[in-house]
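Supplied in structure tokens, the structure appears directly below.
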Amino acid sequence: MFSLDLLLDAVVIGVLLGCFYGAVSLGLSVSFGLLDVPHVAHPAFLVLASYAVYFLNEHYAVDPLVAGLLITPVFFVFGLAAYRLYYETFEKRGSDAGVRGIAFFFGVAFIIEVLIILQFGVDQRSVTADYVGKAWRFGDFRIPYRLLVAFAVATVLTVLLTLYLSKTFMGRAIRAVAQDEVALRLMGADPLKVKQWAFGIATAVLGIAGALLIIVAPVDPILDRAYIGRTFCVVVMAGLGSMSGTLVAAIILGVAESIVLTLFGASWAPAISFAMLLGVLAVRPQGLFGRRS
Amino acid sequence: MTSSDAPAPLLRISALTKRFGGFTALSNVSVDIRPGERFGLIGPNGSGKTTLINCISGVFRTEPGTVLFGGEDVTPLQPHQRTRRGISRSFQIPRPFRSMTVAENLMVALDFAAHEHVSVGQRQDSMMSILTQMGLGSKANVSAASLSQVELRKMELARAMATHPKLLISDEAMAGLSSSEVDEVLDLLLSLAGRDITIIMIEHIMQAVMRFSERVMCLDAGRIIALGTPTEVMADRRVQEAYLGT
Amino acid sequence: MSKKVSKPRSISRRRLLATAGAALAATPLGVNLLRAQQGPIRIGMSMPQTGGLAGGGKASLLGIEIWRDDVNAKGGLLGGRKVELVVYDDKSSAAETPAIYSKLIDVDKVDLLFAPYATVPTAPIMPMVKQRGLLLMGNFSFQVNSKVGHDMWFNNAPWGPADSWASSFLDIGQKAGGKSMALLAADQEFAQNLAKTAREVAAQRKLPVVFDQAYPPSTVEFSSIIRALKATKPDIVYVASYPPDSTGILRAVNEIGIGDSVKVFGGGMVGLQFGAVMENMGSLLNGVVNYNTWLPEKSMYFDGTKEFFDKYTKRAVEAKIDPLGYYLAPFGYASGQMIEQAIGKVGSLDQKALAKYLRENTHKTIVGPIAFSADGERKETAVLQAQFRGVVDKNMEQFRSSGKQVILFPDSLKSGELVAPFEAARK
Amino acid sequence: MTRNSMAFWTGAAVFLAAVFVMTQVVGNQYPFFAGYVILQFIALAVAWSILGGYAGYVNFGTSAFYGVGVYSSVFLVKAFGAPLPLQILAAAAIGALMGLALGVLTLRMQGIFFSIATIALTIIIETAITNWRYVGGAAGIQIQRPPVTAPFENYVQMLFFVQALLVVLAVAISRYIQNSWIGRGLQALRDDELAAECTGVPTLRLRLLACVISGALLCAVGAPAAMYLQYADPGSAFNLNYSVTTLAMSLIGGTAHWSGPIIGAILLGTTQQLLTVTISSEVNVLVLGLMLVLFVVGAPQGIIGLVGRLRGKKEGGA
């Protein structure tokens, strides 16, 4: 059953799929990778964004990507508020958030799930757009436009975030807050403001990522549970806080999953990617591209 | 090639090198420390002092280089094994067990590092006597998280003492303290030294080092640049350059 | 949750608290009858209302509730006793149902038991009801009684004998000239059971299986799988999938293509029966031959069917559940109808007598006549295989008219002929 | 200390006796079904806390251990028709090995990395079981119970008693650990692993020990579930709910004392059982979410912490 064609195809699809994983993990790479917030509600926020996109698409026929952009400011503000609550609860008390932070965000995730169910019901939802359900043809190859969109958006997001973090004052402050709060104070920035801003950005990115999620596949209210492992896997494997690293790690995962699926059978695909994660963690705990003081 | 009249060293560090990635933190450091000696370790920031401590206490693995303690090669041992053999340390930034009381902090040391098998009662006595000696007697049942800076420093030393060390390494135990507090801690260390405990003291406060040490070693960029009596080392041109140059 | 669903339940809750106090003494269900003679007839069940099976569970429950309201409007059963439902959420999990059914039997002391929707929550209660000798009206579980062998179990689903499902699909494929089969199934309970029978039937018929893969439920992207499947050039593609995957698979088929060799595609895709899913997929559905339980074709209307769907449609919108409700809801109603007829004929709530009646007779329901074989499954399969035709995008209402899903099997209900190969049928 | 021990063991004996009498006297089955689930969560929460509470290593893989416990029973029953005690012992042994493997694999990981590793492990194991046709694979498997052993008349009553034994075992171990040098060592390494190591605490060995004990207990608790449900499927056995609920129970109760997880499990477990048979809808999940958020925000040290604060923060070792 093996053929070079299939392998090549698996690699191409894997790269595109990896980009999609990368896009939905980028926000977490900021919130968890840079701010050390154990944000297990990240996928729940993501699904919430998908439903917002669905709502705009279904009722006002807004293109999903445009809808994703439209909800970005709302999610930014939402992120600011969420961080404020988190800060008041944990960081301010100077206690290690650890377990309780995780529990807190699990609680938030459950609440979001139920709110979605109450508003939209339990059925799965998807969006319509010109690029959903069609493929780009190149000789014998066919590549779904959905994945090309994911690829493009992921790349643009990664580049923008990387530029933002390295070129702007606020961006540099965000990176500084991850490494050395004292140095940040010397720069004259308030760590709380910086972190809150960063969390806002992490959440805003979810607006577009949520649009991708529902473009690539239909969503249902409890889809977030499937993405907890996957997004954390990508971010941790990349090494905390590296945007380009996140994309590369996601691509590695996507390709590995895709190749295993094509050559050995789909049912082993999740085990393979998480075995890779375990391997990376055991050998190189700081991740493939990680910072480590 | 040791001279026959000198006592066997308690700690012998031979050709110790430590690299982090491409950065060499310690380069070919060798030194002997005699039993009962008061040894000062100085050097500018980033010169490798704390790295050396970490290599002695076992936090870092060394490659190449060996650490001999009491004639035994402890290089392959983990920190807790070295602690049980008598190497104890305090930390530059105090690391108390925050969820415990001061007494419980010491009990950890007594439970895990006490050499002989002793009863609970004896351990309690031992703990109280160390606390009293350190001037923390009244704080025994206070939560470690609520201690002041100087109390934390003292508790670190007390916890290190509770492991019954032969060698005590004090890593900047006086940083950030007022001058009267510095004297207080220094007196404590001197009294410990009087009881046959070998002490390595890392310090930035020169008066303290000069007053305390029998011998002083100065590190710069991971190399020994001077080793001798305090006055000799202070007079060394390279030492002065190292400090002024930064 | 709609008001209508919760209101009767709150009544039962009050009752339930009253009985809970006196619940220490054990009373077998039968002895309980005398005491309850004047009160309502209480039917207990768990239903997945959260978790993965919630969509189906809610639609199914609405069907049963409509039956309850109908029967109560007619004055109830056994000379004026109203029907009351006691329903708990089992969270789609097998771990919850033993405690729930024990509560229903031992504390609530309900008169009759209905099973929850689907196999997973049903499986753990089968040994329990068998041991207690209780009648259980099954709800779309698959071969859950085959090992337990309970003679008071009756499944409302049209599955019939275990292999009939795969047989009917392969019949259609082979008639269209299919010589090889590809099998793609989700790594989940129902899909794996379908895949297993398909493998067995294929082996009996010496039909080579050129592709046989299971994919995990978390699979996001099916392009690679479809590409690999396509490379084996199968004639018949049998897919056993769950709602999110069904969409993903059909999208990938549309994008990647499946090749000209394929005569028929589909078979066991769950999700293509749900309104929201069908509306979303629109024209992607065309050509797919898939199983179904009820369709708005002329041959499918029986006494009361139309009235049922009129009521369902109105209430489903309020309750935010599947607006079409073809798949499960009428069968929930049918369960009620069967019990209604049995109680009417037997004249009591005696479990053994009811079971005997149910086993020995053919029952008239809104989904057609139902007769059971010894294992409590349908005597004959009534699983439809139908082909999607002329479906357009973004239109829920089109599925209410006939002709969008042409019934190919069973012959008695047939409403059209197969269009093959698959690629041609998709145009 | 000794008086406390006396009180504890008397309490345990009274509890077991009460449970036993209940199995002999009460005819209604529901208390046993619901009680089994609550006892199971108490044992899980207590076992989880040994690693997650004392040592501060947050294990997200409760469902992995629980599921392996279930499936080890399924395998033993299917292959050898093994009796219940053997199922539990075997599950404990497998759980200990699993804990050891987890510990060794995560030697270099701390904090959230450890947690993520446990998530990864869960998914890998679930995938393996899903692909293992002998124990039913994804399709699930129905299991027949053997006849019940005297003096019990009903299998669920027996399971209820067995689970009560497991609870007492787990609590006794947890309590012993807390009051011994192991507990102090774990607490030290939770507060500061490096400082603990340099104070003579063999942190790696203690971590491994905690992983092994916690793993063995978690698996053992899962083992009787196969007989309770008489059915197993990977989706239910490896349900994320076990991980989250166990964690929530420990936190709500408080992890500083062995009684915390018990209190949390009783509170949350009973609430969930009650909600299941009263409100019974998505509101059930909402309540769990709200309880998690409120407790984490309002009572960071759990109920134990609240009580401690009320009593003026003065408590002895028991």
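Note that the chains are named A, B, C and D in the order they appear, and that numbering of residues resets to 1 at the start of each chain.
By definition in this document, contacts are C-beta pairs under 8 Å (C-beta built on N, C-alpha and C of every residue); 3 or more make two chains touch, one makes a residue touch a chain.
This is a predicted model, so every value here is computed, not measured.
The fewest steps needed to get from chain A to chain B, moving only between touching chains, is 2.
Of the two chain pairs shown, A-C and B-D, the one joined by more C-beta contacts is A-C. Taking the CA centroid of chain A as reference, the farthest chain centroid is that of B. Here the CA centre of chain A is 36 Å from the CA centre of chain C. Centre-to-centre separation between chain B and chain C, using Cα means, comes to 73 Å.
Chain centres here are Cα means. That of chain B falls 43 Å from that of chain D. If you average the CA atoms of chain A and of chain D, the two centres end up 32 Å from each other.
Touching of two or more other chains is recorded for residues 127, 130-131, 282, 285 of chain D.
In chain A, 117, 267, 270 are the positions where the chain touches two or more neighbouring chains simultaneously. Residue positions of chain C touching 2 or more other chains, listed in rising order: 50, 52, 54, 187, 214, 216-217. Taken chain by chain, the contacts fit none of the simple shapes, being neither an open path, a ring, a star, nor a full set of pairwise contacts.
All chain pairs in contact, by the document's touch criterion: A-C, A-D, B-D, C-D. Residue ranges on chain A touching chain C, taken from their complex, read 1, 3, 5-6, 9-10, 13-14, 17, 20, 117, 120-126, 128, 132-135, 142-147, 216-218, 220, 222-223, 226, 230, 258, 261-262, 265-267, 269-270.
Note for the complex: chain C touches chain D at residues 1, 6, 9, 13, 16, 23-26, 49-50, 52, 54, 87-91, 93-96, 98-100, 102-103, 105-107, 119-120, 123-124, 126-127, 144, 147-148, 186-189, 191-193, 196, 214, 216-217.
Of all residues in chain D, only 52, 56, 58, 105-113, 115-117, 119-121, 123-124, 127-128, 130-131, 240, 244, 247-248, 251, 255, 282-283, 285-286, 288-293, 295-297, 300 touch chain A in the complex they form.
Interface of chain D with chain B (complex): residues 181, 184-185, 187-188, 190-192, 194-204, 256.
Remark: chain B residues 57, 59, 78-81, 83-84, 88-89, 91, 95-100, 104, 107-109, 111-113, 159-160, 163 touch chain D in the complex.
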